[in-house]
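A, B, C and D are the chain letters, set down in written order, and residue numbers restart from 1 in every chain.
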Amino acid sequence: MYYVKILSELIYTVDATSSFVFNIAAANTVHQQTIEENLTISPTIDSEWFQLNDFGSRGLRLKVEPCELSIQYSATVQLSPDIEQDKYINEVEHKSLPTSVLPFLNPSRYCESDRLGRLAWKEFGQLPSGYSRVVEICNWVNKHIDYVAGSTDASSSACDVLIQRAGVCRDFAHVSIALCRALGIPARYVSGYAVGLEPPDFHGFFEAYLGDRWYLFDATQMAPLSGLVRIGIGLDAATTSFANIVGQAKMQFIKVEATSADSDFPYNNGSPVSTA
Amino acid sequence: MYYVKILSELIYTVDATSSFVFNIAAANTVHQQTIEENLTISPTIDSEWFQLNDFGSRGLRLKVEPCELSIQYSATVQLSPDIEQDKYINEVEHKSLPTSVLPFLNPSRYCESDRLGRLAWKEFGQLPSGYSRVVEICNWVNKHIDYVAGSTDASSSACDVLIQRAGVCRDFAHVSIALCRALGIPARYVSGYAVGLEPPDFHGFFEAYLGDRWYLFDATQMAPLSGLVRIGIGLDAATTSFANIVGQAKMQFIKVEATSADSDFPYNNGSPVSTA
Amino acid sequence: MYYVKILSELIYTVDATSSFVFNIAAANTVHQQTIEENLTISPTIDSEWFQLNDFGSRGLRLKVEPCELSIQYSATVQLSPDIEQDKYINEVEHKSLPTSVLPFLNPSRYCESDRLGRLAWKEFGQLPSGYSRVVEICNWVNKHIDYVAGSTDASSSACDVLIQRAGVCRDFAHVSIALCRALGIPARYVSGYAVGLEPPDFHGFFEAYLGDRWYLFDATQMAPLSGLVRIGIGLDAATTSFANIVGQAKMQFIKVEATSADSDFPYNNGSPVSTA
Amino acid sequence: MYYVKILSELIYTVDATSSFVFNIAAANTVHQQTIEENLTISPTIDSEWFQLNDFGSRGLRLKVEPCELSIQYSATVQLSPDIEQDKYINEVEHKSLPTSVLPFLNPSRYCESDRLGRLAWKEFGQLPSGYSRVVEICNWVNKHIDYVAGSTDASSSACDVLIQRAGVCRDFAHVSIALCRALGIPARYVSGYAVGLEPPDFHGFFEAYLGDRWYLFDATQMAPLSGLVRIGIGLDAATTSFANIVGQAKMQFIKVEATSADSDFPYNNGSPVSTA
């Protein structure tokens, strides 16, 4: 058990009445508890927290009249992931998967697993089944895709990225998820904060269902798994963007931080990490 | 209130141990109740019903050893839709949408609403807001897309269909849903049985959120809305295919029926129909 | 017969030895003659003019060492297009097309006519055949596609633009060409200068083969057909970009002009114009 | 110098007046001469041979009234390729390429080299430059793409095939060409007959410009390079399909043969082969 401090500041110029949904708060789960939390909205506006899903994610809704909107969110989060010693963790046969996990085998907007069956089986079909195969998928993605800021946009999908071979964290996650699903491994997108990410920003990574639970993976290899703080969960980034805005608003400033001053903070050594 | 009888028969040659998930049963909702239901599986195999979502949909899981698998499902379903007299039904501003409805504004695998904003606003932006605008979307889809059996496959999305201008019921629904979402109207895919559909088959249609509820629409205009029997609901067809199979199995036969001998059966006259 | 003055200035920072091919010179054809022409390259570099195709287009090749490269090209061009009084101009049956015209029925990188048959026939199949049908295609493109600077890039094709409904001159030409070919009307891309274009820039338009010759069309409707000065011709913009560069060079400045001080200059009144 | 006999038989049911362009005849070049040739068309119809390009390709045009159309073409072709002993063959810097070769660096309908720069450089950028690099591209394509009859259609491009990882000979050629162009190596599509191809059919392969000439390559590795008989040449298959038909006609039968009884026939041993 250890503590991570997270912070995000967002400033928007709002030119016409706009409706915002923010996904910036730490989720509350068995393995992740928000100990202390602070939200400052300027100007003062009624806001509403709501439950985003069954996984402890919370959205924040605001109806904003024209103004300069400033949102400051900070929290201290207690993390208690299962960090496992190396052991064999198996893939689960389709017939034995919990029904709640089945939807995460479906293709989604940014993860067209239905088109990638042959690629996935040709590249990874011969590898030993289990946790290590998902690690190999991450390694493959990391090797074949360049991390290039600005190389993709909101319409870029796993197939696009596999062709252009460049992307950012969300694209690394999308490609990995699509390949997992194509192999029959349930996988889902996770948005969050990440200790040690450079430059600091919101992060996108993923979970794969293995053994009897969801394990964290991050194909960017840019931050330790143990420092990931969960915000949202979904089929892909379509459901987890940090801000959905309908109206007229322009982001002017963004600052994201995640730090651990905790001497118990377990820097990632490649051991399997589960927080779900 | 009136009754519809539905039936589906599916026969597969199963060549290796396979895992099946069928979505063929009528959902149970406030407006749709299964009065009587019959499932015959041959050979005798353990099967498991499970809840697919919060909308009353039920999946059927089977683990099947090599055999000739035959599934017969039939039911009598009591329908009590709200069929409204013509009145103005409004679109709902983003800030006023129930949070449970928000996910159905997101783009999905087969409904790339994120790419279609300009098309949607150019074609439908000048139309009066409300139920009638969704009707116009359906009319537009019906006029611009040809219904051609076999013209699409499991990877065809709304954008593909908008280019090739041909598709089947699921494509008509995907294009309509994508256009609705691009306009800010929540929309979701519904799979089901349809009285009067020729040739008889499983059907795909959609719901849009207007006023304070979900309304049924069918851009194919091939069956009365009042004769639609709901099976599954989802972002698009990715989550609602009538059979998901992992293993080795080949469909040999399919028969689908939906009939109403009920003298109270209200043949669709274009009035808004809501069953959710 | 009348005169147009054209000018282009291009400045590049060349960081490593680079190979340039410029397509900026006015073509010499029966209907377009370069009366006077000036090319200034700084620093002094050996350059080579070469024939780009059988249509009078000329490319300019340069091998450039690291430097600041400045290219100034200016010319006075005598234009003598056939501007026809309104008369019926027919489409040509496939069996009667000159063999030299047949390649311009093929799909190309940016004009996927093979995917657009149904769309083209549904939108334009009922229209009277002939010159007026191509005018209607241009009107349709102009109405359905927004001219938005920066909305497309070098990989955007006709199908992309038909989905996103925004583009620039080259995209307007690509969509029009693709639709023509899908209807069986040979069409080709033309790059050039355009009198009256605002803001001034290189322009992209197209020709369709009708009657017994190629007629000019410009779906952007941003400049009179009579003021178009031809540079290159090709299947699409892939073959006619104003600069192909291999090496390391960055454009710092571009200026393009096309003006006619000629009192005989015939401002376009919608009459068919042919210069090929 | 050695001889290959080729034959093709095509039968169509023509339901309405149709216009045909066949590309089935052996080209005549310095390295390939048609010694004897036979064309039988039934019923008797006026036909016209025409020159397809500057590379010795010939098209055959027919205007056909409703009938059962039968085409039989056979020829004896003398081949005298340059088959080189192993030696280093270099890639050519852009600035030193003949201008006639430059168009084969452009992206085309089925070879989107503009999208594949990063993939090409990541996979092949570290390899030694020259003939052997193109061989490695062919090997990579052969390893990563499965040959699956029926897996692609007339709209499938290199990018599609790189995602789905399956295709036929034309797709193997398209992917290889796109990768070559992305690396700056001019490449073009060649259609032809192939001795030893199983099952016998028209074949698609490609040429890359290296040293001072075009060399033959075939990523399918299904037939010896020395037994390839050239029909057409183009940017990609868009310009070289064996039959272009406008009208209403349905192929009923196709038979293609290419055999060499010649004892001098040099079975391919991997040596570079040039016939252009």
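Here, a residue touches a chain if its C-beta (ideal position, glycine included) is under 8 Å from a C-beta of that chain, and two chains touch if they have at least 3 such contacts.
These figures come from a predicted structure and were not determined experimentally.
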item: Other chains in touch with both subunit B and subunit D; value: A, C
item: Rounded Å distance between subunit A and subunit B, as computed from the means of their C-alpha atoms; value: 30
item: Centroid spacing, where centroids are CA-atom means, of subunit B and subunit C in whole angstrom; value: 47
item: Residue numbers of subunit A (touch at least two other chains); value: 115
item: Listing of all chain pairs that touch each other, if any do; value: A-B, A-D, B-C, C-D
item: Subunit D-facing residues of subunit C, complex; value: 17, 19, 21, 50-52, 59, 61, 63, 93-95, 99, 102-103, 105-109, 112, 114-115, 154-155, 184, 235, 238-239, 244, 246-247
item: Interfacial residue positions of subunit D with respect to subunit A in the complex; value: 115-116, 118-119, 122, 144, 146, 159, 162-166
